[in-house]
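Quick heads-up: structures coming right below.
In what comes next, subunit A is part of two complexes: it sits with subunit B in the first one and with subunit C in the second one.
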Partner chain A sequence: MATNDPTPRSFGQRLQSLSRQTVYLILIIVVSASVLISKFMGLTLPNKPGAGSQDFFAAIMAIPEGSTVFIQSDVTNSTRGESAGQFEALLRILMRRNIKFAVFCASGEPQAPQVAIDVIARINAQRIANGERAYERWNDWVSLGLFPDGRATAKAMMANLRTAIDKKDTPPGKPPTDVWQSPVMEKLKVIDDIGLYILVTASKTSDILVERLKFAPVTYGDVPLRTKLGCMVTGVMGPETNNYYRSSQIFGVVIGLNGAVEIEHLMENGIKPGQSETYRSLSIEGFKGMQNYARGMAYYLALHTAMGLLIVLVIMGNVGMWLTRRQTGGGA
Partner chain B sequence: MDYSFIKLTVGLIATIGLYSILYRENKFYRLTEHIFVGLAAGWSLVALWTVTLKDMWWSKMMGAEASETSGVVAGYWPYVFLLPIGLMGYFVFNRKHSWMSRIPIGIILGLVVGQEAGAWLKRDLPQIEAAMKPIVPNTEVGFFVPTDPVAGALYPSQMLGNIIFLTTMLTVLSYFLFSFDFKTKFMQKSTLTGRWLLMIGFGAIFGNTVMTRFTLLIDRMYFVWIEWLIQGVFKMG
Partner chain C sequence: MNWLFLAQAETPEYNFWNGAPGSPALLTKVVIALLVGIGIMIALMFAPTRLRRPLVALATFVAGGFWMASTFWPTAPDAVTEGRNASEKVAIFLKDVTSVVADFSNVLTAFLLGLGIYSIVSVHGKRILKRQQDWSFSVVLFASIVLMAIFGYADWMDEQNRTAAVTALSPGFWNRGRDLLFDGMLQNMDAAMFSLIAFFILSAAYRAFRIRSVESTILLSTALIVMLSLMGVVVSAWDGLAGDFAGGNLKLSEISKFINSNLQTPGIQAVKFGLGIATLAMAMRIWLSLERGGLNS
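Moving on to the complex of A and B:
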């Protein structure tokens, strides 16, 4: 006869047998609580920016006012957690420095151009609410839309920038017009006329650009650059993009949520002499008194608590296994 | 109820629907998933026309009459040949005429292959060059790099970093020499060290990946509690 009296489980076995649903529930509670605490207490966690973020920040703070930056935004809302914080911080800096920009997607991700436009609208709304000048489409920035093939686009830009970008955008109160008539684009003739080329991505499009784009070295103020290509990537893409940074194939790299927080930290505190590994005597003032800590810092506490929970759970599982093995004399 | 709140609420329902898979397989999850896939496919089709093909192919082919923002633009009729070449790709679904699909595939392959040699040179050669690091310090002024370093000087702290880098690179490279059966203890230790260092590297990469995945969850929880509840429902902050 079957019995409903299973052998009582030991403490070690219980530690190893937490159900998947329980783990997810604990994780969601911990992350939710962290997000709410961070919001209501306005927590600012300490952070020490890495060399990649410092160099990235130094370059975008050094380009002359009025330059045009190309932003290849290949991200959608699927990686909003990391990419939105990075992209918002980048836009805030460019807008505060009156730098024009052209935004587009060249990864064949059809949602990406609209996602970028939505983020720009959000930052613009915050600027207007703070009494700052609204960044105007066509005069301050343009959307170049979608380029379905990144390889061909990069190659075409190198060959002839003007024919590679045959797009229209909409000036205020006018029908769609050739983007080359826009104040953002009219001064550009070849790819070296671009101030910086910044890639915001969650995929391997950094490879494509490193392989195909070539910029002449340039010096902006105290910041000499061997290339004008810089990257903002997700944590997954961080390790391999970091190789390009270490070999000076990109001027800087911002990696994941931590990278977003690093840029926000640099916006708040700037770079003090001796702080930058690359430009030792460089000094850059931040934007003290403005809204610098935003989405990155809002998520930062939750990242720490989630990682802490993961470590605790891994330790629990291993302690449980060790206790069980000891109890059973070395067997599983 | 304003439009932005309706939009947020739809986002909330979709988030709950997709996260319900964490509990178990269910119809709400499947419904949300199918809606998402359908929306993404529909959006892609429209976006492909409105922000790509219309400007880059159709308008160029058709030309334009004079308008208040531009003069007459002559059409470039050879672009018409791109359409049948592209459509040939769809013959992959037809057993009798599937050979036609190889024409556009061949063109794309040829374009990519032609670029790859140059791409490899630009991608990997600078990394090989950057891997050649000096390991003999040429200055005796201090251990760490000062605020105002001497140009071209290698400080002892940099030397240590370079030695760690080179040791890692050489031992990892030796691990991949699979065709040789190493008899010497030195090479055996080198390949073993390389394996350990690879494992440490993979651990660091995995850690980055875990952080990304956690951030996706954090973003959704931020959306639910802050953007929907606090800012949407309670109109605060």
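Moving on to the complex of A and C:
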């Protein structure tokens, strides 16, 4: 007599056949719990900064006060888990060091300039709440807006910085004015006058800049730089961008959420002699006593648990396959 | 008119391609540019079909030729034109007009945004007018576009009269509205969509990452080490246990660095080298209009 009862599944098969919904639910619970635990317990997990982040930190800590840094921020909030933490850490360092900056997007992403301005406003609000000086638009930083064609813009900046940037920004209480009249920009004539050029991106814009921008080597304090271009990229873009770091075509690279935590760690602890892989005797004081661990560290536990979950699930699937094979004599 | 306007000791503030904001000269230039643009558009619309292909090929060749020349032409040591030979004058000219061509390029790229808006209005406008399926979502789309534009522009206008400190302490009505729409809604929805990748990756890794061969074993082991190396707690514990055993080479951070420097980076360099050659070949074909497809088909 035929039976409608399904064949009972073995333990090995069960291990391999968790439903999609179950996997999704586990991920939601694990990540949400991790973020909440981090938020309410204020966890600070250990981290060992890599050479790319150390060199990046060393460069932005070495540039002279009052210099102007160009920040090409091509990211939107879709990658804020990684990019926002990096960008916030960068802004905190620049503001604490009284370094002026011009922020713009050159990747054709229309939302990016506003996303960057909102992050600056958020950091400014925190500074005011902490009794620090507000970083003032026009006098301390300017927004150069959107350059839809990054390739052409980079070439134009190399050819003539002054004519490549034909933009206005708003001085306090005044109508929009040519950015070249701003204290941030007025001293710049050629691209080598920029203190550093930092790219915050989730895409391949690093390729575009490496191919088109050429900087003369410079030494800031104890930090010799072969180029002024540095990158903060998402984890996905890390391996590609790392090529340029290895060949010294960028001065440093901060990769993904782990990179954001590395920068926050360096802000807290600085670099002690012998710690830097590139500059052995370099010593840099951090910003002890200030708010250094922020968005990066807030998500770091979630990175751990999500990675851990991924590893556990892959092991589960493989153990299940192995058990099933053994049971069926290697046929499954 | 000195066309080599940048090739002067002092770059003039205004030149052939721009003018003082609000000045009659600038207005005249804008009107002339608009008329010339419309004229070219009309001429292209009425151009015979068999003439369009060579016109597009010519435009492609000239546009690509400029960037090719600006990249490969030897540069002049400085921008002063006196006493320069023809080659150096060409170099200075190319450098001069790069900003102007970049402006053209930026404007043309920005047109893609306008094209996208036109396409959205066209598709969803028809859907609403014909009461097609899910037309109500199209209404929501239009309302979102209009609201975002109104609040964005009003906030920008309002911002002109506010300092950063004032805005940080007490954002105005338009700023709150813009913040709610842009940061509160649009950006969170954007982030939510992107976060779906985590679910797909986890599910796909669970189902597909199996040790079935030597290659997959190597891949899985390498991935495991790289993933573990991103977990500071694990790195700290592992490195502590490994200590200086075997010259410190068994530390997780060292193993990960070895994989990164000796396997990952050379592998990606090889891929990028191949991609670069392929891109160069494709670029040459497009530049010379040898590629089939579009107007060349």
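Criterion: the second predicted complex is superposed on the first by the 328 of 332 C-alpha atoms of A that agree within 3 Å, B and C clash if a C-alpha of one lies under 4 Å from a C-alpha of the other, contacts with A are read in each partner's own complex, and residues count from 1 in each chain.
The criterion applied here is as follows: contacts are C-beta pairs under 8 Å (C-beta built on N, C-alpha and C of every residue); 3 or more make two chains touch, one makes a residue touch a chain.
What you are looking at is a predicted structure, and each value in this text was computed from that prediction instead of being measured.
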- [ ] Could you tell me whether subunit B and subunit C fit or clash when both sit on subunit A in the superposition?
- [x] clash
Open item on the list: Just checking: does A:Ala59 make contact with subunit B only, subunit C only, both, or neither of them? Give me first, second, both or neither.
Closed with: neither
TODO: Considering only touches as defined above, state whether A:Met307 meets subunit B (first), subunit C (second), both or neither.
DONE: both
Task: Partner chain in contact with A:Ile271 - subunit B first, subunit C second, else both or neither - done: neither
Open item on the list: Once chain A of both complexes is superposed, is A:Asn243 in touch with subunit B (first), subunit C (second), both, or neither?
Closed with: both
TODO: Determine, under the contact definition given at the top, whether A:Thr79 touches first (subunit B), second (subunit C), both, or neither.
DONE: both
- [ ] Report for A:Ala134: first if it touches subunit B alone, second if subunit C alone, otherwise both or neither.
- [x] second
Open item on the list: With both complexes superposed on chain A, which partner does A:Lys155 reach: first (subunit B), second (subunit C), both or neither?
Closed with: both
TODO: Answer with first, second, both or neither: which of subunit B and subunit C does A:Ile191 touch in the superposed model?
DONE: neither
TODO: Name the contact category of A:Tyr24: first (subunit B only), second (subunit C only), both, or neither.
DONE: both
- [ ] Give the stretch of subunit C that clashes with subunit B in the superposition, choosing among 22-30, 76-84, 202-210 or 238-246.
- [x] 22-30
- [ ] Once the two structures are superposed, pull the subunit A residues common to the subunit B and subunit C interfaces.
- [x] 20, 24, 27, 31, 78-81, 110-111, 114, 147-148, 151-152, 155, 166, 174-175, 235, 239, 243, 246, 256, 258, 303, 306-307, 310
Task: Sites on subunit B touched by subunit A in the complex - done: 22-24, 40, 43-44, 47-48, 51-52, 55-56, 60, 67-70, 111-112, 115, 118-120, 122-123, 126-127, 129-131, 145-149, 201, 204-205, 208-212, 214-222, 224-226, 230, 237
- [ ] Sort out for me which residues of subunit A touch subunit B in the complex.
- [x] 20-21, 24, 27-28, 31-32, 34-36, 39, 78-82, 84, 110-111, 113-114, 145-148, 151-152, 155, 166-168, 171, 174-175, 177-178, 181, 207, 210-212, 214, 234-236, 238-239, 243-244, 246-249, 255-258, 273-274, 277, 280-281, 298-299, 302-303, 306-307, 310
- [ ] Under the touch definition given earlier, write down the residues of subunit A that touch subunit C in their complex.
- [x] 18, 20, 23-24, 27, 31, 45-48, 50, 76-81, 108, 110-111, 114-115, 118, 121, 124-125, 128, 134-137, 147-149, 151-153, 155-156, 158-160, 162-164, 166, 170, 172-176, 235, 239-240, 242-243, 246, 256, 258, 261, 300, 303-304, 306-311, 313-314, 316-318, 321
- [ ] Could you please specify the touching residues of subunit C with respect to subunit A in the complex?
- [x] 6, 11, 18, 67, 70, 95-96, 98-103, 105-106, 108-110, 112-113, 152, 159-161, 163-165, 167-169, 179, 182-183, 186-188, 190-191, 193-195, 198-199, 201-203, 205-207, 209-211, 220, 224, 227-228, 230-236, 239, 253, 257, 260-261, 264-265, 268-269, 272
